C-alpha cells in the first residue's frame, strides 16, 4: 500500500527502507533535500491517493505537534495520521482531537528496535480505534518482525495507549540495562574472574538472563573488554522520566526503574552537590578527613581535614 | 564418557536425562531409592572407571560440603569433582583444598537454565584449572545449549570463579525480574492500556526489552492475565544476598540489584515494622490519621488518628 | 498588628492562638460557624484596617486558588495576601499575578511544625518581595520560634521560593523518617537488643542522630514499645511526590527520598502486582514454589508450586 | 573513680579530658609518648587499684582484639574491660569469652558524639551484664550528656547489644545525611531559591526536620555557601556496611540506608564501569551518542557516537 512518511532520520530512514523492501510505496518527507522524496507536506499529500495513511517519525514535543497541525491542513477527511515517534502519551489526545475536527483519523504507535529494526523488524504498540488499526495493518505487518503478528504488534488500547506502553517499555529498558551494568561492574571488580567478556558471552544461551540486551553487551565487549574507551556519562531521553512521573501519579512503587534513572543523572555530574554535603557533615561531626575540590589546574584534590591520629575515630 | 552425578532433584534429574540423550553414561546417586542408580557413594565410585568425573548437584552449604568430604574418601588420585550446585564461591577454595590433599581435582561450575535446561541446554560458568576443564569438556558440551561453545560455556577463571559468576548472574536476574515486574504493575495501574498481556507479548520480537524472562512472563499471563491467582510473596535464594555482600566488600554500588532484593524481603512481611514507625511519626508530629492494626478477628483496621478537620494539615 | 486568617483547622486554629498570645489582633474566617470570627470574606475584609494582611491556610489546590480569587474581589490595592498552606510552588506565580492585577501583594510561606508549632513556634520560609516580607514581619516573628530570627525564618527568594523550600523540606522529612524507621526495624529484628525503646531514647542527647523526629519516635514507643497497635499503612501528601518530580525536571538524583516515597506506596498495597509478577517468573523458570492468593474466606494462601524435592533447585 | 583508658586519639583524648573534668582519675595509655600517661599496659594495670575498669578506645578489628588479648595478661579476676570503639558486634562474644576465662568482665559500649562529645557528652549504648554496667556507671554518667540518664545511656542487652545498636545508629546516620544532602542539592539546582543557606538555617527551630546534623550543615554552609571548596568524595566506615549485611541476614529491607551507602561508593569512582556499560548498550542499540573516555592529557572526552541527524532517535 501507499504510505506517507515524515521524518527520515535514523529511525525513519530505516523504516522507509524496510517498508519498500516489503513492497510498499513510501513517499518520504524530510527537510533535508538529500534524503527527502518530496519538497513539502503538500506535495506529500498530493503524491498519495486518498484515503491516505501518513506516519510521523519526528522528535517528540514541538516538532511532532507542529507536524500534526500542518497535516491537518493538507490532508482530507478519511485520511489517517500515525505518530510513531517517542511522544508523551498525553500529547496523543490533543493531537487526535485536532485531526478529528477535520475528519482525519489518528493512531499513536510506540516503536522499539533501534537501528537494528531495519533488518530485525520493530516491536509495535498501537493506540486508537480498531478501524484505524485495521487500515494501517499492512504497514504494521511490514514493520514488525516476521513470525506471529502478536509477538511483534499489539493494539494496546484507545488513543494514547501505544505511547504509554512504549514509555513503560523504555522504563523497563532502563532497569534491565542497569541490572546488567551492575553485574558487569561486580564481575570486573574481582581478580577472581579472569575473563569477564567470556562469562557474559556464556550467558547468551540457556541461562535465565539471556536477552537481546545481553547480546549487545557481549558485542560491545568484543571491541573493548573493559569498556575503558568509553566515558561513564549516560544521557536519558524523556521516557524514563515520564515513567517515574506516571508511577508517582498512580502511586506505583518503582524502586528499580527510578534507581536506574537516578544512576544516569549522577553519571553526568562532575561534582555531586549532595555528596559534597555528606562530606561536609562528616567533617563537621567527626573531623573526618575530606578532599578539597580539585583546583583549576586540574591537580587532584588533597585531603583537607585534620589528620586522624592513631586513636579511634567515630561518630 | 562416564559421569557420576550426585543429587537427582529437579536439576540433577533433568541433567541426567540430557546427558544420557547425548550418549553419555551417567551413574546417578540420590538418597531417594526411587530415583537413584546406585545405593551409595562407594557404589557410585565402584561403577565408574578411573579417572572418574563426579558432578555434585545438591543443596549448597552443609549438603555440598558433606558430599565433597564423603567423595574424598571414596575417590582416587586423578579423579575430578565438579560442584555444579549453587554454592557460595567462598566454599570452593576449602573444597578444592580438601580434595587436592588426596590428589583429586576440583571444578566449580555455575549452572543456569532452570527446569527448561533439560531441553534448551544450560548456561555454564566453570572455575578451576584448564586441565580439569578439558577433562570435563564432553560433559559441558552435552549440558550446554547447541551452538558455539562460547555462547553457553565459559572458563571464568580459577577455582571459585564459576560460582562467583553464577552468583552475579543471579543478582542480575533479580534486577531484570523486578524491572519487568515494575513495568507490568504500571501498565496494569491505568485503564488506558486495555490489554496488558498483549502489550508484553508484542515486545517478544524486535524490541529492546525482548528476552527469555519476558517470554516466561508472557506465558504466565496466558494463564492468568492479571496474575490474581498468585500471592505477592517472593522468596529469595542465597545468591542475591551474596551478590550484595560482595558488592559491599568491593565497594561496588548496586542500587538496582539491592532494590530488587529488598522488594522481595518486603513482599514477605505481613506488617512492616519500619512503616509502622513512619506511621507513628506522622501521627506524632502532624496528628495525621493512621490505621490501627487489624484486630484478631481479621477485621480491617480503622483510622485511629484524630479527624483532620477542614483546615490545612501539614508538617 | 492586625491579621486576617482564613482556615481555622488544626494548623490555622493553632496559629490564631499563637498570634493572639503574642498580642496580635487576629480576625479568623472558616466555613464552620463554631470556630469562625466572621461570617464571610467580605466581613473579614471589613473588619481589618487597610493596608490589610491576610493569611490563607486552607488545603492546597482548588481551595487555595478559590480563596485567592475571592480575596481579589474583597481586598484593595496595597493589601497583602500570604499563602501559608502546602501549595505547589507552581501555583504561586498565577496567584501572585491575579492579585497583582488588582494592586494586591502576594507572599508564599512554607510553614513547618505540625501540631507542636502552637507552643514551639513554626519554621517559616517565605517567597516574594522584600517589601512584602517586611510588611508581614511582625506576624512571622510571632509565628516563628523564639531565638534568632534566622533560625526560624528565611526569605528564600521571589514568589514561589517559599513553597519550593517547604516542598524540599518535606522530601527530606520523608527520607529522615524512613531512615529512623529502617533502623528501628533492624534493631527489632534481633533478639540481641532486648530494649529497643531504651536504645532509641539513649540517642536523644549527644549522638549524631539526635533530632526532633527521634524525640517523637521515642514518645511513640513509650505508648507501644513495638508499635504493634499501628497498621503499616502510610499515606503521603503531595509534597514528597512533587519533590521527585522536580528532581526529575532538574536531573537531580534523589535515591533516598524516592525510596522513602516508594516505601509508602508499597505500604498501602494489599497485594503488589509487581511482586506477583516476580513470583510468576520464579515459578516459570525454576518451578519455584509460590503461594496462591488468599481465598475470599481470608484463609492464608498455600504454596501452589511443585514440591522442591531433595535436589538442588536453581535458576 | 579510677579508669584506665587505652587509645588517646581524637575520641579517647577528648574522653580523658571530659572524665577528668568530672573528677575521675584517668590513667591513659597510647603508643605515642607525647600523649600517654604510662609507658605500657602493664604500667597501666599497676597504676590502678583492683577491681580495675579499663576502657579500650582503639580502631576496631585487629587493634582492639590485640588490646583485649594483652589486657587478659595484665588484668586480674574481678577487673572489667569496656570496648568503646567501633567494633563489629560479632567481635564482642569472642572478646568476652577470652576475658571471662580469666575471670575478667566485659562490656561493649557504642559511643556517639564525634569531636563534639567532649563538651556535649556522648550518647552511650552498652551491652553486657547488669552487674558490669553498674560497676562502670560512674564513668557512663560522666561521659553521657547532662540530663536524665536514659536520654544519653541505654543498657541495650547482653554482650554485643551495645555495638549492634551503635552499628544501627550509624546506618541511620548515613540515611539522615543523604536525605539532607539530596534536599540541599535540589534547592541548589533551581535559581528560584536565592539563599539556600538561609533556608536551611530557618529549619533550625520549629520544623519537622530540625536536628543536630542540620545544625552542622548550617555551620558548614556559613564557611562555604555552595560547598564548592569540597570534593564530592565520601568515605565510609565499616558500620554502614555491616548494617546492610545484618539486614540481609535478617531479611530486613533497608532501601534508604543502602541507597545512602551506595551513593558513597559511587562518589569515590573516577569512572563507573556500570555506567560505561549502560553507555555501551545505548550506543549499540540506538546509535546514541556517547562520550569517549578522557585522554591521558586530561582533555574532556568528546562524543564518540554517530551524529543524531534530524529525525527521531529511539529505542
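Note that the chains are named A, B, C and D in the order they appear, and that numbering of residues resets to 1 at the start of each chain.
As a convention for this text, contacts are C-beta pairs under 8 Å (C-beta built on N, C-alpha and C of every residue); 3 or more make two chains touch, one makes a residue touch a chain.
The UniProt protein names, listed by chain, are A, B, C, D = Decarboxylating 6-phosphogluconate dehydrogenase.
Predicted model, so just to flag it, every value in this text is computed and none were measured.
Q: Over half of interface residue numbers shared between chain B and chain C means same, under half means different, so which is it?
A: same
Q: With chain centres set to the mean of the C-alpha atoms, which chain is at the far end from chain C?
A: B
Q: What is the distance in Å between the mean C-alpha positions of chain B and chain D?
A: Using C-alpha averages as centres, the distance is 34 Å.
Q: Measuring from the mean C-alpha position of chain B to the mean C-alpha position of chain C, what distance in angstrom results?
A: About 41 Å separates the centre of chain B from that of chain C.
Q: At what distance in angstrom does the C-alpha mean of chain B lie from that of chain A?
A: 30
Q: For chain D, give me the residues that contact two or more of the other chains.
A: 112-114, 169-170, 173, 178, 180, 182, 185, 189, 208, 213, 252-255, 259, 262-263, 266, 272, 274, 285, 315
Q: Applying the document's contact rule, which stretches of chain B touch chain C when the two form their complex?
A: For chain B paired with chain C, touching residues are 7-13, 30-32, 57-60, 84-86, 111-116, 169-170, 173, 177-178, 180-182, 184-185, 188-189, 213, 216-217, 219-221, 224, 226-235, 237, 255, 259, 263-264, 266-267, 269, 271-294, 298, 301, 304, 306, 308-315.
Q: Which stretch or stretches of chain A touch chain B in the complex?
A: My answer: residues 89, 112-114, 117, 120-125, 127, 144-145, 147, 150-158, 160-161, 164-165, 168-176, 178-180, 182-183, 185-187, 189-190, 192-195, 198-199, 201-214, 243, 246-247, 250, 252-257, 259-260, 262-263.
Q: In their shared complex, at which residues does chain B touch chain D?
A: 208, 236, 241, 244-245, 248, 251-255, 258-259, 261-263, 265-266, 268, 272, 274, 285, 315
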